[in-house]
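The following blocks contain the structures, represented as structure tokens.
Okay, so chain A shows up in both of these, paired with chain B first and chain C after.
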Partner chain A sequence: MSALEHASISAKTASPSRRRRRQKWLPYLLSLPALLVTVWIVIPFFTAIYYSLLRYRLSLPQLKGFVWFDNYLHFLSDGRFWYTVQVSLLYTVITVVVELVLGLGIAILLQRSTRFNNLAAMLLLLPLMVAPALAALMWKLMTNPNFGILSYLVGLIGLTNFRWASDPSTALFTVILVDVWVYTPFIMVLLLAGLRSLPKQPFEAAALDGVPKTFVFFRITLPMLMPYILTASLFRMLESIQQFDIIYAMTQGGPGNTLTVFQVESYLQFFQFTNVGRSAALLMVLWAITFFLSNVFVKNWLRLRERAQGISEE
Partner chain B sequence: MYDQERDLIAALAGHRIGRRDFMRRASQLGLGAAAMSGLMGQMASSALAADSSFDWKAHKGTTLKLLLNKHPYADAMIADLDAFKELTGMDVTYDVFPEDVYFDKVTAALSSSSSEYDALMTGAYQTWTYGPAGWLVDLNDYIQDSAKTAGTWDWDDVLPNLRASTSWSGVPGEALGGKGAKQWALPWAFELNSISYNKRIFDQQKLEVPKNLPDLMETAAKITKDVSGVYGIGVRGSRSWATIHPGFLSGYVNYGAKDFTVDGGSLKAAMNSPEAKTFTADWVKMIQESGPKNWSTYTWYQVGNDLGAGASGMIFDADILGYFQNNGDTKEKGNIGFHAFAANPDAKEPTPNVWIWSLAMSNFSTKKDAAWYFMQWATSKEHDLFGAVKKDMVNPVRQSVWDNDDFKTRIAQNAGYLEQFKASEPGAKIYFTPQPLFFDVTTAWAAMLQRLVAKELPVDEGLDQLVASIDDQMSQAGLQ
Partner chain C sequence: MQHMSTGERVLRGILIALALIFFLFPIFWIVLMSFQTNAQILRIPPSLFFSPTLENYTSLITGQLKTASGVLTLNFMQNLFNSFILSTASVALSLVLAVPAAYAFARYKFRFSEDIAFTLLSFKFAPPLLVLLPLTIYFQKIGLANTYFGLIWVYQLITLPLILWIVRGYFEDISPDIEHAYRIAGHSWAKTFFKISIPLARPGIAAAALLSFIFAWNNFVFALVLASADKQPVTVGALAFVTASGIQYGQIAAAAVISITPTLALALFAQRYLVEGLSLGAVKG
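== the complex of A and B ==
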């Protein structure tokens, strides 16, 4: 008798009650890995919440104790905290919008699958392969006023005293420039995939009817592409609001307090100032903002996906 | 090992021949530089082993793990590690991290009570966090225990200001090295702040080395104006404590300014005193007129590299920064000169603040006694001399090494280095008020300097704002 036949007979001969018991536990067994992953995520999360409720500075261990929501309440009257919220959101909005516009533009230019376009798309992806911290260091060298190539180039157009990330008035612009350089290809590749996967019929019908290209773009392409745009924006928004590498490597949050975004401020609070309570509270606020924005994006994404499906079915 | 070589080491260890004779005879035996380094290390361990009253083999078979920062001092120690292994029969492993992330790694390892590392490199300022947090061992117990400490180790040979600067009671505002101070770390090698300048440029321009801040501003402005592609003075400017502690604080205290006034245990920020405002206004003006254009991103790395590349005329920073540029593979190799510097025209002596790379013992180590043996060896006269003569372990922390002829010969190849050291050393110590919010305070201070240099607000107003903000932080931390 083969092993397979033996197993088959055993299964047939198993009592109904045993079978029922097995079936009862099966869903729990199948969901066990997901449960373990959730626990793995939830433990640090709740630990961070716990720390955020403490007055806890490693250099002053004698003062450690529960202060409940004092860390959060302190933020309300702290101008630096509100500046952190403001600059983090500004950075996020500008980088996502600029990268979206550029990424969409490039994706449209490369929409047709030709050998040149495919090669160009591949080459344009290269900045995405560079670690953001390394990209920041590269740009730091390129913008060095003494020998940087970009400083030389802007000098040719008369901007001889342009100080890039060293000047409070241009620091935000400079780090956004690096972010755009690194992450525009990400948007481009997602939207390019979206554009190439759109159904052809609506476009063919529009062409037959002689519909103007701008109308096609705004009334057909863009709505159908919207789920992709929202997905790309969601990913970029999550990344941008938590930006650390580029800003810290280029400015350490300066000049002055110009670029003290959430992650930089939180990192400094923990690793430099050893203020665990404040650092954790900052991260919890960041989590709340991210959670809220993600929800808005996901709800819109679902709505627009339904709408886009409606268009393609028409 | 051949008999001749063994005899040669024995002769040196037994002080029957001098170090120069040793070098000469070693070269006659056809020993290259690497072999010489090895011999020097073995000689050192032989000399230590010659102290028969101390059992260096007490922890034979133990393996220690070190946490190290990538630095010439760590390189010197690693190059000599075989000597320690031979002396003690112990094994040593280590992790080396670049400076950018080194202290993050230390904080992560120690705050998690990890027993992975037995000893680590640290700066004195960091011990103001690590010590009170209970992460480090007070080394006084070991230093004073003759059963655990070799008689030849000679703690008193370590420069007194450095011994004091690495010990603190843990009470905010109490003087370093005062009564009840705990020895959180052993000084290993250090840097003080003086002027390192490009002799070639100074000779070409017929310039005198500046003696005080008004002189410095004038000379720096002249270099910026007259020498194409070169700016006058390099100083640090990043948004970090590292911007405050070198040239800035050395000049600041020379003007009679303090970071805090301490009154009955209460610390009050003093960055807006008249002396502080006078000095800061000049400092800011100096950077605006003659500093690097992207000063606010400058760390020690850029300051040093610009001097070595001939992009700056001089720096007011760590003396060893100039030393490494003068002796490394740089464009201006051999062209760097050194000079002591008292910023205040009315001051009699320089008051350089110091950075001390030190060795500390983790409180979570399960091999503390063995770790102490390593720390003794790594801070011994023998290893300090090896590092100073054969490697780049300058500045050595021991007086005996500064008095050593071989070291003097080596250091004399750097124009003015010994002279600047002799003039600076008596006043070289940590001038910060020790307190647990050191990094908060100095980061806020550096951020304010950046705003002042960017002309975001006037110096007086900026320093008043800084003091209000720091006082608020001190108050929240219960230090006021």
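== the complex of A and C ==
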């Protein structure tokens, strides 16, 4: 809305000065309630920063004291911390890569807007509507060693002792499988929207010239789709590194400490080991990672938005 | 793409069928399980053919779960009620707060506007436990622990930024010309907002409300940390079934089916809004 337009309205509706004054406070008035209801979150946020600088165990209150960055420095030489970093990164990288490949593949399969493809896309979206914690519960029932259908099916192909989430060597695989089941549809639906919004001309020209399909895919489709792929995978990365629901609902971080990713580990540190200081410091490390990722994401997203608006205005 | 050979068409068909099996089979199987008795579930090999029983559902509805070791009282219907209260109230409150704010961000360039918008958005990206753990201590102190009010307030962190950003993007796509014309005709700002702007943005508002309802319904960690049994939604409640001793597997399956049905039904009946919300929310803003 241009200043000129504003001026032309105000000239006819109210005296210019009153109008201008009103123009000034109205947007604040409109956005203030939303801000007030949510901004209190900075209080527990600062509390968390403070806790992360304390030696603070609920079980040993007499030891409580300010220790500056000891919790953080302690991480450097702490194997358990580095294990958390390792398993969180592994979880994030594998889930995002697998979901991206599968989601892109399915989006390409369903690219043409036929009645069948649209029905399939709608049905494939359903896992995304299932709460991740409940998805974990469903897969838990399916992988139960006594009656789980999946345990039975892998038994048929000779894997009689496959114990899914209760075996340290396959637990990560199992929770990643659930994550892939829940979130691949998210990538699929975004990339499908992206694919269907691509301009037709380059593809028609390539078809006329008889350009091979693999060439079209790698040289035309993929580069044009790249902004969508980047946005979708950054968004998923941001969520995946914070994954809690699926892992906690499936194994509560176990067996042993096999799946102690950041949020699960800090939950356990808080409620099980009542080590508030350590838990808060861990979450601050995670926060720093997500802060970095979300900045990259938002920049990328705004660029995509501008592009999308540019295309629609042409 | 016009020249698709028969072989390619068959391959495509097979791949789509495989995708459908992978993504739909778990839902299908859990629904089947929920109509089976324990004996039927434990049968080897598993069979698609069985005489269905409604017992799992009736015992969930009455709250009297028959187990191997007697009758267990588990009020799952309370969890279902809690989910409805928490999700509906959170979305309603967020709509009242976020739609005017979205309008302000879309229509006016004012000082700090982008900063405020991004601050609100950043709440969506921070690790929830970071604030939830200190919050448990504060909520105990000020008496908000385990209240609907406290939970709905915290749920604003999920629903409000989502609605704000989706609706903002929607307002930005609507030309302000109609609003200008209406105002020039002599109507007040408020009247223009309620009579013109909101009706025009209704599809965007519907998409945002639908999506944030699903997010609120599916939330797990907020209620896990802040609510005790009588205020917990289905996500936390159904999980408690696993640890309940001697519980029948069919009852767990039935609880899962009851818990996921509302969001699946919404997704199927309002699919157009859903896809719009997802792509607006994640790609457009």
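We adopt the following convention: the second predicted complex is superposed on the first by the 247 of 314 C-alpha atoms of A that agree within 3 Å, B and C clash if a C-alpha of one lies under 4 Å from a C-alpha of the other, contacts with A are read in each partner's own complex, and residues count from 1 in each chain.
Rule of thumb we're sticking to: a residue touches a chain if its C-beta (ideal position, glycine included) is under 8 Å from a C-beta of that chain, and two chains touch if they have at least 3 such contacts.
For clarity, every value in this text was computed on a predicted model and none was experimentally measured.
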*In the superposed arrangement, does A:A120 touch chain B (first), chain C (second), both or neither?*
second
*Just chain B (first), just chain C (second), both, or neither: which does A:D167 touch?*
first
_Partner chain in contact with A:L90 - chain B first, chain C second, else both or neither_ = neither
_For A:Q252, using the defined touch cut-off, is the partner it touches chain B, chain C, both, or neither? Pick first, second, both or neither._
first
*asked:* After the superposition on A, what does A:W287 contact: first (chain B), second (chain C), both or neither?
replied: second
*asked:* With both complexes overlaid on chain A, does A:L110 touch chain B (first), chain C (second), both or neither?
replied: second
_When both partners are placed on the shared chain, which of chain B and chain C touches more of chain A_ = C
*Between chain B (first) and chain C (second), which does A:N146 come into contact with in this model arrangement: first, second, both, or neither?*
both
*Check whether A:L222 is in contact with chain B, with chain C, with both or with neither, and answer first, second, both or neither.*
neither
*asked:* Please report the chain A residues shared by its interface with chain B and its interface with chain C.
replied: 140, 144, 146, 270
*Mind listing the chain A positions that touch chain C in their complex?*
1, 5, 9, 12-13, 22-24, 26-28, 30-31, 33-35, 37-39, 41, 43-45, 47-48, 51, 102, 105-106, 109-112, 120, 122-127, 129-135, 137-142, 144, 146-147, 149, 152, 181, 184-186, 189-190, 193-194, 203, 207, 228, 231-232, 235, 238, 242, 244-245, 248-249, 262-263, 266-267, 270, 276, 279-280, 283-284, 286-287, 290-291, 293-294, 297-298, 301-302, 304-305, 308
*Footprint of chain B on chain A - complex, ascending*: 57-61, 63, 74, 140, 143-146, 161, 163-169, 250-257, 268, 270-275
*Give every residue of chain C touching chain A within the complex, in rising order.*
1-3, 12, 15-16, 19-20, 22-24, 26-27, 29-30, 33, 41-46, 93, 97-98, 100-101, 103-105, 107-108, 110, 113, 116, 118-123, 125-135, 137-138, 153, 156-157, 160-161, 164, 169, 176, 180, 183-184, 186, 189, 214, 217-221, 224, 234-236, 238-239, 242, 249, 252-253, 256, 259-260, 263-264, 266-268, 271, 274-275, 278-279, 282-285
*What part of chain B is in contact with chain A in the complex they form?*
103-104, 107, 111, 128-129, 132-134, 229, 238-241, 292-297, 306, 311, 436-437, 439-440, 443, 446-448, 450-451, 453-454, 456, 476-478
